[in-house]
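Starting off with a structure, shown below.
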Amino acid sequence: MPYVKVEIAKGIASVEQKKAVIKGMTDVLVKELGRDPEYIFVVIDEVDTDNWGRKGQSLTELWSQRNPTGSEST
Amino acid sequence: MPYVKVEIAKGIASVEQKKAVIKGMTDVLVKELGRDPEYIFVVIDEVDTDNWGRKGQSLTELWSQRNPTGSEST
Amino acid sequence: MPYVKVEIAKGIASVEQKKAVIKGMTDVLVKELGRDPEYIFVVIDEVDTDNWGRKGQSLTELWSQRNPTGSEST
Amino acid sequence: MPYVKVEIAKGIASVEQKKAVIKGMTDVLVKELGRDPEYIFVVIDEVDTDNWGRKGQSLTELWSQRNPTGSEST
Amino acid sequence: MPYVKVEIAKGIASVEQKKAVIKGMTDVLVKELGRDPEYIFVVIDEVDTDNWGRKGQSLTELWSQRNPTGSEST
Amino acid sequence: MPYVKVEIAKGIASVEQKKAVIKGMTDVLVKELGRDPEYIFVVIDEVDTDNWGRKGQSLTELWSQRNPTGSEST
């Protein structure tokens, strides 16, 4: 009877990718904990980059500072 | 001083229905736990059906599979 | 397929009262939104009074300030 | 490695104000708990006033009842 | 920069199983969304069976009703 | 009427530090958004280090790998 909430930045996942996340998360709980998928909920919350902060700055700010070849993918 | 978060699929509740949910949830906490409604918060989060999964599939998928007379109402 | 999270202060609800809250919250969603109880989850989180704040003070502090006949029940 | 979720009513904060909230919340955790800002997340959730209730009514209702000079700012 | 919250019933997962869940959830987000694991948080919340309800009953009640060979694993 | 949830690792904050976090978070919302502290809730959730993961490992594992003079404070 697990419940999973996944928070990601808005705009990084297509409908197909979100399906894959739902499937993947469910499979982890079936495989590792033996849960019945019938009662596994996965909720994805897509957060606007103005509304997500790390190290005191919004993602909008953080991502605008990355150089074109930057490897940071926060 | 309770806080209640209610997650439902987007599109299943009108403004009037959401008012009724807020009222009903509040009444439960007043009646069963004797809380002061002044400090009871209820927050409703309406989740896109692409973003809610059960048994490894999105609600969009699950609901499209129901036959017209199906009684499943997940 | 709703999910409900209820946060209350630790120590204010017995096992029987928590059962009544689970039943009451579920009934609200069945009655007002027509949801199938089979897939309604209710999770109660009991928060230590040192860990819950209102108006900048912990509940432990706020409750110790109430006079014996005080009617505040935050 | 703290995570902070802030729920506010939709429409009360500009992008600049949300930046200030992210910065302020992060600073509190650095100053009071000595956390490394590199791993402090702050997520702001802006809730529609039809979806937020207090004392059994939606914010839309509560705010429409305030008189023009009312000091209540729930 | 994703954040994942996993709610499971208390007592169903060992420390090793929780490690596997953390690893598995992280891998899903790396594989499906290309996120940097450096900034992927996974938080597991183990909920007392008195505090988790489904179809209007606590897990404590639901699990006590299962017959010894029952396959329900909610 | 904001609600703030703060998740931190268990064992890093004393009761006095948690009071300071509650006060600090509340002050940010008063100062930056003009909210009324009467209706500002702050809830602190202290998460066991076995239950918090980053980059696919639990905090228990991550913290045991730090050298004695390590500056990482995740």
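A, B, C, D, E and F are the chain letters, set down in written order, and residue numbers restart from 1 in every chain.
Everything that follows uses one rule, which is that a residue touches a chain if its C-beta (ideal position, glycine included) is under 8 Å from a C-beta of that chain, and two chains touch if they have at least 3 such contacts.
Here's who's who by UniProt: A, B, C, D, E, F = 4-oxalocrotonate tautomerase-like domain-containing protein.
In this text, all values refer to a predicted model and were calculated from it rather than measured experimentally.
Looking at chain A and chain F, the chains that touch each of them are B, C, D, E. At the far end from chain C, in terms of centres built from Cα atoms, lies A. By residue number, the contact pairs of B-C overlap by more than half with those of exactly one pair in D-E, B-F or D-F, and this pair is D-F. Superposition on CA atoms relates chain B and chain C by a rotation of 180 degrees, given as a multiple of 5. Counting C-beta pairs in contact across C-E and across A-E gives the higher total for A-E.
Summarising the inter-chain layout, the chain whose CA centre lies farthest from the centre of chain E is D. Chain B and chain E have Cα centroids lying 21 Å from one another. Counting partners per residue, chain C has 1, 3, 7, 25, 38-39, 41, 43, 52, 54 as the residues that reach two or more other chains. Working note: touching chain pairs come out as A-B, A-C, A-D, A-E, B-C, B-D, B-F, C-E, C-F, D-E, D-F, E-F.
Residue ranges on chain D touching chain B, taken from their complex, read 7, 47, 50-58, 61.
Within the complex formed with chain C, the residues of chain F that make contact are 15, 18-19, 22-23, 25-27, 37-46. Touching chain B in their complex are the following residues of chain F: 1, 3, 39, 41, 43.
On chain E, the positions that touch chain A within their shared complex are 1-9, 12-13, 17, 20-21, 24-25, 27-29, 31-36, 38-39, 52, 54, 59, 72-74.
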